[in-house]
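Okay, got some structures for you below.
You will see two complexes here that share chain A, one where it goes with chain B and one where it goes with chain C.
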Partner chain A sequence: MHVYEVFVKKDGRDEFRHAGALEAANDELAVVLAREAYLRRAEGDRLWVVRRDHVVAAADDFVGPNADKPHRHHDGAAVAARRKASRQSQQ
Partner chain B sequence: MSEQGAIREFLLAFADDEHLMGQQHTEWIGVAPFLEEDLAFSSIGQDELGHAAMLYELVLELDGIEPTDTAVDLLAFGRPSHAYRCCHLVEYVTEDWAEALVRHWIYDAFEEKRWHLVAGSSVPKLAAIAGKALQEEAFHRRHADALLDKLLEAPQARKRILDALEAVAPMVPGLCEAAAGEARAVAEGATAGATADLLEPLVRAIDERFGRSTAAGLTADDPADGQARRTRRSGSFEPLMARMREVLDFDPEAVW
Partner chain C sequence: MARSWATMEDFEAFLDGGGLVEADDAMPDAYRQAVFAFIEMHANSELMGALTERDWIPKTPGLRHKMAVLAKTQDEIGHGHLLYMVAADLGVKTRTQMLEDLFAGRSRFHNVFHYRAVTWGDQVAIAFLVDAAALISQQAVFKNCSYGPYKRILRRIIAEEGFHMRLGEDRMMRIAEGTARQRQMFQESLDRWFWPALQLFGPDSKPDDMLLRWHIKSERNEALRDRWVQRFVPMLQGYGFTVPAPGLRWDDEARRWDVGPIDWAPLRRTLAQGGPDSARRIGEAADNWRRTAWVRTALSDGNGS
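Moving on, here comes the complex of A and B:
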């Protein structure tokens, strides 16, 4: 048996989204079973299943260091703070 | 038998098969071998129940009765046993998953051929129902084949499947038995051919699917009277129908 990750796409311009996972003995059974487990109420009109062991996953700590880099956020907070400081120093 | 009466009998046999088959498939919800199969198999059963409902509506229209939900329920659940026209294969009650799966494959292989026969029916609503049903049948067949492809590879599963085939095979000729009035329905163009003519291609398909000759196992399930099985109920019918009517019988007048 293999674990398959299930992706579903609604019609229109929506992207494929992860819907869940299931266990199946082969690709055909995964597709057949995913249809009724995840799409039986017209949750989408297209279906992908991907074997979990075919997913290229980065190591758990690979992305971790990026959690502490507020300067990469585009909310303008840093610039606003500097402009405010500048205004106040001119008064 | 009048033209309308003949077509009615023909449709009733079709509807009763779909009704009982749908009911029995849906009963696997919660007890199929694994969760996804619970959902898939009972979804397929729902499709069959949908076909039954549409066919019962058509029968009521031929009877000149407005096909309200109550009228459909009465036709589906309220007739005396002798007025049902289902075959013994769909009446057969089993708790064996292998038998349920083999019956699912055989029934849908037959049903697909049966819908093809009415796809160009002179009864426009029947042709329309066939169009919808055939789309659903493609999935039913793919589901049954996907499971059997895998299970027949494994010796232990293969043995269970083939034992199940042996148990179910005697009921196959009854599945292909014509309803009364069918000849007239063919003559009127309601259906394109005789149901009995589907037996030979069905048996060929079964042999190919299961890799063995089933012909020897196809002796009628009631050798004393191999004919008119659709007008006589098997022993499975009464307890099955009693179970199906259990809630309805609490209060037959209740509005749902």
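Moving on, here comes the complex of A and C:
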């Protein structure tokens, strides 16, 4: 038996989302069980199952540093303030 | 392992700050055991509930309700699958070990499945009162549960339980609008099931309840029980039935119903597998597991697991 991770998508909106996991003997049975356990009332119309041991997971300390890169953002505050001041001076 | 905490204080600070624990985190063992035991009991209860529900598929009146009961049975088996998977990922027991423990009477399931459903009225009472009680406690767990995989799987379980509860009230409404004999049947079922349903919430939470401290549960048992009482006492009375609580009174000052003293001995008996129908239920579940071995073999890679 293998553990499969189940991903579901509703057509036309959202990305594929992780729904949960299940145990199945092979790919064919995994989609059958995934449909019966996770899509019982049309929660999605597209379904992926991926064997858990095929998932490539990045280490937290590899992903982590990108939480601390403020120079990749811009809140636009300084420019907005300048525009506002400019509009007011024109009135 | 994704994350680890140097001390229990650090871990509890993480939980108090609304942190969600994931399956591959190096959580403290006491937390792992506590969250596992909680999910295992939920999984067991779904399976035991599904088996009772299944017994009533052939006896359910009318094709529409029969199909709904069939769907509900499938939902509950599905919930069992989802929950056993989430529990197994904690690495305490495999799914097979959990099932073996259940069938050997070594693990727990909800008190209500230690009683026998004798009439259709009983099934209606279970669908109406017990499903609502289960839903109230699951919603309270879902709201603030610190274990991420359980919280996420509860979202879909709660959505499906919502269908079951509406179905239960629909059946109740029909029986209430039925003949005198049907009403009498439901009153007798209410007499049997009111207290077990109320006791599903358990006795008042202890001050040192670790499930609360670790945000596995977010509300105290007595608060959940009271929510159920305030909602169901007037509803049952509105349908013209008698709530079988001799001490029942309306507290005009507090604007709330008080059901009077609760005898917890029946609950304690069910927790020790000594309920009125415990032995038969567990035996039936074990027999069912053996009888369906061929299905698992057909769906497996040949080793029957």
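Note that in this section the second predicted complex is superposed on the first by the 73 of 91 C-alpha atoms of A that agree within 3 Å, B and C clash if a C-alpha of one lies under 4 Å from a C-alpha of the other, contacts with A are read in each partner's own complex, and residues count from 1 in each chain.
Quick note on the criterion: contacts are C-beta pairs under 8 Å (C-beta built on N, C-alpha and C of every residue); 3 or more make two chains touch, one makes a residue touch a chain.
Owing to the predicted nature of the structure, the values given are computational and were not obtained by experimental measurement.
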Superposed partners chain B and chain C on chain A - clash or fit: clash
Partner chain in contact with A:L29 - chain B first, chain C second, else both or neither: both
First (chain B), second (chain C), both or neither touched by A:R40: both
First (chain B), second (chain C), both or neither touched by A:D53: neither
Most chain A residues touched (candidates chain B, chain C): C
Overlap of the chain B and chain C footprints on chain A, listed as residue numbers: 22-26, 29, 33, 36-37, 40
Residue ranges of chain A touching chain B (in the complex, touch as defined): 22-26, 28-29, 32-37, 40
Interfacial residue positions of chain A with respect to chain C in the complex: 1, 3, 19-26, 29, 33, 36-38, 40-41, 43, 60
Chain B residues within the chain A interface of the complex: 34-37, 39-40, 43, 139, 142-143, 146-147, 149-150
Chain A-touching residues of chain C, taken from the complex the two chains share: 2-3, 74-75, 78, 81-82, 85-86, 89, 95, 149, 152-153, 156, 160, 299-301, 305
